[in-house]
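First chain written, first letter: the chains are A, B and C, and each begins at residue 1.
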Amino acid sequence: MHRRHHSSHDVVLETKGLTKIFGGLTAVNEVDLKVHKHEILSLIGPNGAGKTTVFNVVSGIYKPEAGKVIFNGKDITGRKPHRIVASGIARTFQNIRLFPDMTCLENVMAGQHCRGTAGLFPSIFKTPAQRREERRIRETAERRLGQVNLGRVRDELARNIAYGSQRMLEIARALASNPDLLVLDEPSSGLNPRETEDLMVFLKALIEEDDVTILLIEHDMNVVMGISDWVVVLDGGRKIAEGLPEDIYSNDQVIEAYLGKDDEEEEAHGAAAEH
Amino acid sequence: MQVILEQIINGLTIGSFYALIALGYTMVYGVLKLINFAHGDFFTFGSYLGYTVLVFAAAFLTIHFGLWGAILVAVIAAAISIALIGVVVERLAYRPVYRAGRLPVVVSALGTSIFLQNAIMMIWGPRFQAYPSELIPNAKLMLGGIQVSLLQVIILVMSFLLMGTLYFIVQKTTFGAAIRATAHDRSTASLMGININKVIFFVFTLGPALGALTGVMVGMYYRQISFTMGWNYGLKAFTASVLGGIGNIPGAMVGGLILGVLEMLGAAYISAAWKDVFVFIILILVLIFRPTGILGEKVAEKV
Amino acid sequence: MEQALSPEKKSFLKSQPLVVSVFVAAFIVYPFLVSDYFIDIAFFFGIYALLGLSLNIVLGEVGLFDLGHAGFYAIGAYTTAILNTKFGIPILVLIPISALAAALFAYIVFSPVIHLQGDYLLIVTLGMGEIIRQALINNPFDLTGGPNGVFGIDFPKIGEYFVCDSSIEYYFLIWAIVGLSIVGLKSLQNSRIGRAWNYIREDEVAANANGIDSRSYKLLAFVLGAGLAGIAGNVYACKLMVVSPESFTFWESCLMFCIVLIGGMGSIPGVLIGAAFISLFPEIFRPFAMYRMLIFGSAMILMMMFRPGGAWPRKRGAVAFRSLLEGTGRTDA
């Protein structure tokens, strides 16, 4: 496990005072986040803490009411999702969003869309440049598909492959855009222990071999403890703690956030307050 | 001023027609996410049935029930018959297709519409038919300085009564809650113990019945009916339901009334020939600023 | 890594050369064997095929509900009619101009509304179709000839010798255009743009999250679809020599919608089958007089019950390959 780099030059993604309000609900409240190059940062917290909302703001699906998102030094706050992908952030979804009636290969090729430029006329008339680009798109997609060990199902429809494979397919699709930052929303959700183990090995290998940084939301503490370099905890939209995994694990506030206050403690507090 | 008010009354009358037909579209859409293109033909069918009852049983009915009774019998006969047809159509043409997704059902609805329209033409012939004028009240009233016809008053009163009742049922009763729940999320509603088939039955009897009833009213108001009027009224009514927010019952009522008034005012003050264009442009503008219709809720997708 | 061609590319065309040749031969020989009446039927089959292909881009590939497509058809037809009769511009020159007029119209009108959700976009397309039809009837600036339309449209010709004025010539003209369109559209299907359209249809949020600007691609689909429909309008106009608003009703839009759905969304061979069904069915059942429309309506319902995916659904990847193998009886691994 890497110790955290604290050089500010290495900051890939930063959120400053990020706030997102839905009607009466403040889902994300002044959240500051710093993700450093080549690290794996886990965002954890009880359900409803605002983690996916942070992801949705970072990836451009929502516009924040306040605060900024800075990626590789550039302010990307409020940019449209497809522009953010081109900038180098790729994500997966909590409830897997594949293209069900298209083949696995076609799904992964989607990631390469923003890396291509072929317009209407080159596409219709199949110019040499367009053919080269298509070949490159296909090859990149096949490589990424192979990287997640799904080469054998390349021509199967995405809806027909196993759940665990679908999760990996979505990651392959995200990787196909050759992102700087990979944003994964509960990648181990629904996976059995062996698949989870494989995922952890895969993600750690990814950091070593590919030039990526990983930001992930996780509920599985094994994954969080096993691969994170840094952990940030949200509760009720606010950041309540951050630090090394082992420190967070034993942090009282974090435990309280997940499990609630101890009943006796609460009575004692209440009694003390009355005096 | 008086003229404008009269135009507004005219608009509200037509608007009531649109509203009542729109209710049929919106209820079916809400529960099944289906745009029932055959609905306009339920309306037409009802109109023709009412015509037949009035023409052939006029003497008999007026003797036993009086003029108003005869009209009432025609209305009830039409409503019940069309409600039956509605249920049959749902069972035969739509239910087997639900599992295939939304679009195949739309095609099935179009096929049903073709079938019904041509059935009507075959039964009653391709020419216009006219409601017997001796059975239609002709009286004019003066209300607060404006001239309205008795028929208009009756139509408006009936329509508002019906809409009010439906609103009450949907918003205030348990069954109404069941309907709204089904419209929101069919699978969860059925898991919660709601009898979806009962909701569908309700929607496919009341909707067509309202359509048929409106058909009789339109027959009486305009006298002339044709087998293609379903297209025209259907389109307008469907537009009205979208204007109000599709799937939203109060929305269909509001949408219909607004559409009727806009159409009348447009015809009177802009141009009769361009009134439809005027109405559609208003619709498009509304949608640009309120993408889910006037009363429609923005259904936020959980990402 | 190009060794194995994507199975999708081993299309029906290449795997069944004999069947295809027979079809092509029959197609070429057909008009010489039958009377003008039957050639004209095949002509209108071609028009519906072109219209179906144009709507297929919007509805089949991207999955956008469009029930006003007849409006673009009308704009193409009337552009040709008006510019030809009032300004004497030759028909062939008007083919691209009509396409452009329809495409430009689509671009201007649909830009502000392209973001609307499915059913709301549907009503806008419906409304636009009606607005166009109404405008044509009302004869603004005395351009459109009102309910009677515009007549006296010329033939397509190059100089004075190559004049297209017989049924056979129109038959080959429309089917040449359809053929070219099919080639172009197939090419698009297997390109970045075609895939982007399909991604949007499958899951628009996910598509955007993968770098696809869904708004632009949806608009592109409308613009292309409109252009192609405009070309159909041009050929229709000069074949009939008259255009009037009755040919461009909501009903026509519904027919086009059915062509795409009955044939199979996003499937080019499917669209051809759908067009055949829509244009030939009423002809075949003509002897049944009034009953034929009842049969037609019932047939649509039955089709959706038993083959909701369409007569020839779009097949992708492994599915295509397997069914191809099953079809030919071969058992290559």
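A few comments on the model shown:
Basically, a contact is a pair of C-beta atoms (placed from the backbone, for glycine too) under 8 Å apart; a residue touches a chain by one contact, two chains touch by 3 or more.
Quantities reported herein were computed from a predicted structural model and do not represent experimental measurements.
Taking the mean of C-alpha positions as each chain's centre, the chain lying farthest from the centre of subunit C is A.
Contact count check for B-C and A-B (C-beta pairs in contact): higher for B-C.
Subunit C has its Cα centroid 42 Å from the Cα centroid of subunit A. Averaged Cα coordinates give subunit B a centre that lies 33 Å from the centre of subunit C. Put simply, the C-alpha centre of subunit A and that of subunit B have 49 angstrom between them.
Counting only residues that touch two or more partner chains, subunit C has 205.
Each of the following residues of subunit A touches two or more other chains: 61, 93. Contact of a single residue of subunit B with at least two other chains is seen at positions 303. Interface of subunit B with subunit C (complex): residues 29, 35, 37, 92-93, 96-97, 100-101, 103-108, 110-119, 121-122, 231, 235, 238-239, 242, 246, 273-274, 276-277, 280-281, 283-284, 287-288, 291-293, 301, 303. Interface residues of subunit A facing subunit B in the complex, by the touch rule stated above, are 52, 56, 61, 93, 95. Of all the residues in subunit C, the ones that touch subunit A in their complex are 1-2, 6-7, 184, 187-188, 191-196, 198-199, 202-203, 205-214, 220, 224, 316-319, 321.
If you check the complex, the residues on subunit C that touch subunit B are 112-113, 115-117, 119-120, 122-124, 126-128, 130-131, 134-135, 137-138, 205, 250-251, 254, 257-258, 261-262, 265, 290-291, 293-294, 296-301, 303-305, 308-309.
Taken together, the subunit B residues at the contact with subunit A in this complex read 302-303.
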